[in-house]
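Alright, structures below, take your time with them.
Each of the two complexes below includes chain A, the first together with chain B, the second together with chain C.
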Partner chain A sequence: MTAKDALIERYQDLLSVYLKAKTETTLYKGQQFSRKLLEQQISPEDLVSLHIQVMDELFPDMSEEMRDSFDFLLESMIGYGFAYREHQSLRDKQQQLESEIEVAASMQQTLLLSDVPDFGELDIGVVSVPAKKMNGDYYNFVKSGNSLSVAVADIIGKGIPAALCMSMIKYAMDSLPEEQMKPHLLLENLNRVVEQNVNSNMFITMFHGVYEPESHKFYYAGAGHEPGFIYNAKEDKFNDLIAKGLVLGVSRSTTYHPYEKKIEVGDMVVLLSDGVTECRTSKGFIERDEIVSLIRKYMDLSSQKIVENVFQELDRLQGFELRDDFTLIILKRLV
Partner chain B sequence: MDIQSCVEVRNEWDIVSARQLGRNMAKELGFGNVDQARITTAISELARNIYLYAGRGKICIEPINQLGKKGLRIVALDNGPGIREIRKVMEDGYTTSGGLGAGLPGVKRLMDEFSIESTVDVGTEISATKWLR
Partner chain C sequence: MNLQINQDQINETFELQLTGEVDAYTAPKLKEVMLPLTETEGNIIIVDLSGIEYMDSTGLGIFVGALKSSKANNSSLKLRGMTERVKRIFEITGLTEVMDIESGVKGEAL
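Moving on, here comes the complex of A and B:
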């Protein structure tokens, strides 16, 4: 017995039982049967044809008009069959796309992964979580000589285009000369790459900083990036870490201003992406003050624990639905 | 009845004639009622495309017999503007007539075999086959 014969038989049983005693139980069975039909990808016109076949057997003396009306019904169902099959094919396609994105996302993870280096006197903490499958935020640490450079970038936009763009930035940075470059010069360099290679409707903000342990100085520059914070331990005060500059990719001739700050023992540098400040709670956007007070709350922990706790609280405040890629980095001078 | 029969398509009535021709042949070959309905729907769609986009053309129906395998082939021919992007029209959800009709991907799914050839400013030839099971 083929699967189709089995279906016919089952349908015939159900229908004749129902016609004899019109019970809700049989109707319920009929509804369950429809699930089976869908599982076997029986299209609407096939079901009508099944009905006709069964009715022919149950009522051999069915009137001509009745019989013909079924043929008309069958013809009218063809359109639904069309729609059903289109739906199936679109669903298959969607599954295929999803699995491709899955692969791309894990590939991106491997490509962009930056190890958080051990850097004696600096305690480093990082959390970077994508809102969707692919991350449009990017951070990077490079130890070079004695110093440590750190970059945080964010593409205006999210999803796959942002992620593709990010990969380009990574390789542009990798291909810059080995020797440590001053942050403002590095940004000028990258700006030219972005301006040349990226569509004019896509912008990239970036913060770049270099910490030099001999002088305990933090050199930095910014390209339209969300300002971070700097914590002054002596005054027990958080200040904005402002680094003015145009976003990358707007104009070829943009120049960036060099900044520097002395970092004392206990001071912290906090870098973030706008996914942090654009966290939305039921009360609206979260204020920068609130982020500061969250950091303050966990300040005594290690940098990694601070960023993880801050992320968890903000995630919870938003009902575990990130709206934008979220990156938060803390560097704390220990000694 | 191995000879192919054709219907000229110039107006909407011709679509009905093409359907009738297809249904008669499908019935004669022994197709069941569901397949008859599918074949005529495919004919409708192809004939409608001719009527809407090429203005005129023809639909030919022929019985086929390959190594004992029997079937029916529909060939739709026109000398219209042709299709610039075949890949596009074969995508689901792409219809130029504003959602009317099921489009070519639908026809392809109704039938067992489907092929399309089109040259811009020369015309289009679509052939679709349904095998008797």
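Moving on, here comes the complex of A and C:
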């Protein structure tokens, strides 16, 4: 007996039981049977034709009008059949795409994974959470010689194009010689790479900084990135970490301004992506002051605990639905 | 939230009046209207943003694309009437330095 014959038999059983007793149980079984039909990829018009076949056997002397009406119904179902098959093939395609995205996302994770380094006098905390599968925010720590370089970037647009673009940034950064690791020069170099290689309505915002432990100085430059904060422990005050500059990828000849700041014991450098400041709650946008007061609330904890707590609170305020990728980094000078 | 685009034209001057939000969902619509205008030499495109309460980075990207296109095609793109919130993201990204942004008040003659 073929699978189709088995289905016909089962349908015949269910239908005749129902026509005799008209019980809810049989109706329910009919419902469940429809799932089986879907599994076997029986299309709507196939089911109607099955119905006709069964009715022919159950009622050999069915009236001619009734018989004809079924034929008419069968023809009227053809459109649904097409829609059903289209749905099937789209679903297959979608499953295929989804599994490809899974692979890409995990490749991205592996490629871009930046370990948070252990850096003696700096206590470092990082949280970076994508809004969708692939993260459009990028951060990177590199220890070179005695100094520590830190980069935060936000690729506009989300999802796959942003992720691909980010891989490009990573490799461009990795291939720069060490003398060009000065933040403003690094941005100038990256800008040329980005300008040549990205689609005209894409751009990247980036902050880059280098901390030198001998002088306790933080050298930095920005390319249109959301300003972070700098906490001055002596004055117990948070100030904006302003680093002006045009976003990467707009104009080939852009130059960037070098900035520097002395970091004292207890001072903190806070870097973020605009996913932090563009948090939207039922009451409107989160203001920068509110971020500061959240950081202040947890300031006595380790850097990692601060960023995690701030993220959790902001996530909760947004109803646990991130609209944008979220990255928050804190560097605190311990000694 | 939606984006409404009203378009006026006098000779080669096009004025786009935007209302609503420019984000990842509405940005393609803006691109579709604005980009082709920048592709004709001599066109002047004035975009009035006074009705925009929110713009995200994807929206900003459309303006970056339009700016590049207007430079490549010798048309001109001017923005005006930004709300504080929108102005802030143009400032942070440094775009105020490279774009023609009129501080003019809404409703001025072209």
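Please note the rule applied: the second predicted complex is superposed on the first by the 329 of 335 C-alpha atoms of A that agree within 3 Å, B and C clash if a C-alpha of one lies under 4 Å from a C-alpha of the other, contacts with A are read in each partner's own complex, and residues count from 1 in each chain.
Criterion: a contact is a pair of C-beta atoms (placed from the backbone, for glycine too) under 8 Å apart; a residue touches a chain by one contact, two chains touch by 3 or more.
Note that the structure is predicted; figures quoted are calculated from it, not measured.
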| item | value |
| --- | --- |
| Clash-or-fit label for the pair chain B, chain C on chain A | fit |
| Partner chain(s) touched by A:Lys244 [first = chain B, second = chain C, both, neither] | second |
| First, second, both or neither for A:Ser99, with chain B first and chain C second | neither |
| Superposed model, chain A: greater residue contact from chain B or chain C | C |
| Contacts of A:Glu86 with chain B and chain C, given as first, second, both or neither | first |
| Touching partner for A:Leu74 - first (chain B), second (chain C), both, neither | first |
| Contacts of A:Pro227 with chain B and chain C, given as first, second, both or neither | second |
| Touched partner set for A:Asn146, first chain B, second chain C, both or neither | neither |
| Partner chain(s) touched by A:Asp324 [first = chain B, second = chain C, both, neither] | second |
| After superposition on chain A, the shortest CA separation from chain B to chain C (Å) | 20 |
| Where chain A meets both chain C and chain B, residue numbers | none |
| In the complex with chain B, residue positions of chain A that touch it | 45-46, 49, 52, 71, 74-75, 78-79, 81-83, 85-86, 89-90, 93 |
| Chain A-facing residues of chain C, complex | 24, 31, 56-58, 60-62, 64-69, 85, 92-95, 97-98 |
| Chain A residues touching chain C - in the complex, by the definition given at the top | 154, 156-158, 199-203, 205, 223-227, 244-247, 249-251, 274, 278, 285, 324 |
| Residue numbers on chain B that touch chain A, as the complex places them | 32-34, 37-38, 40-41, 92-93, 102, 105-106, 109-110 |
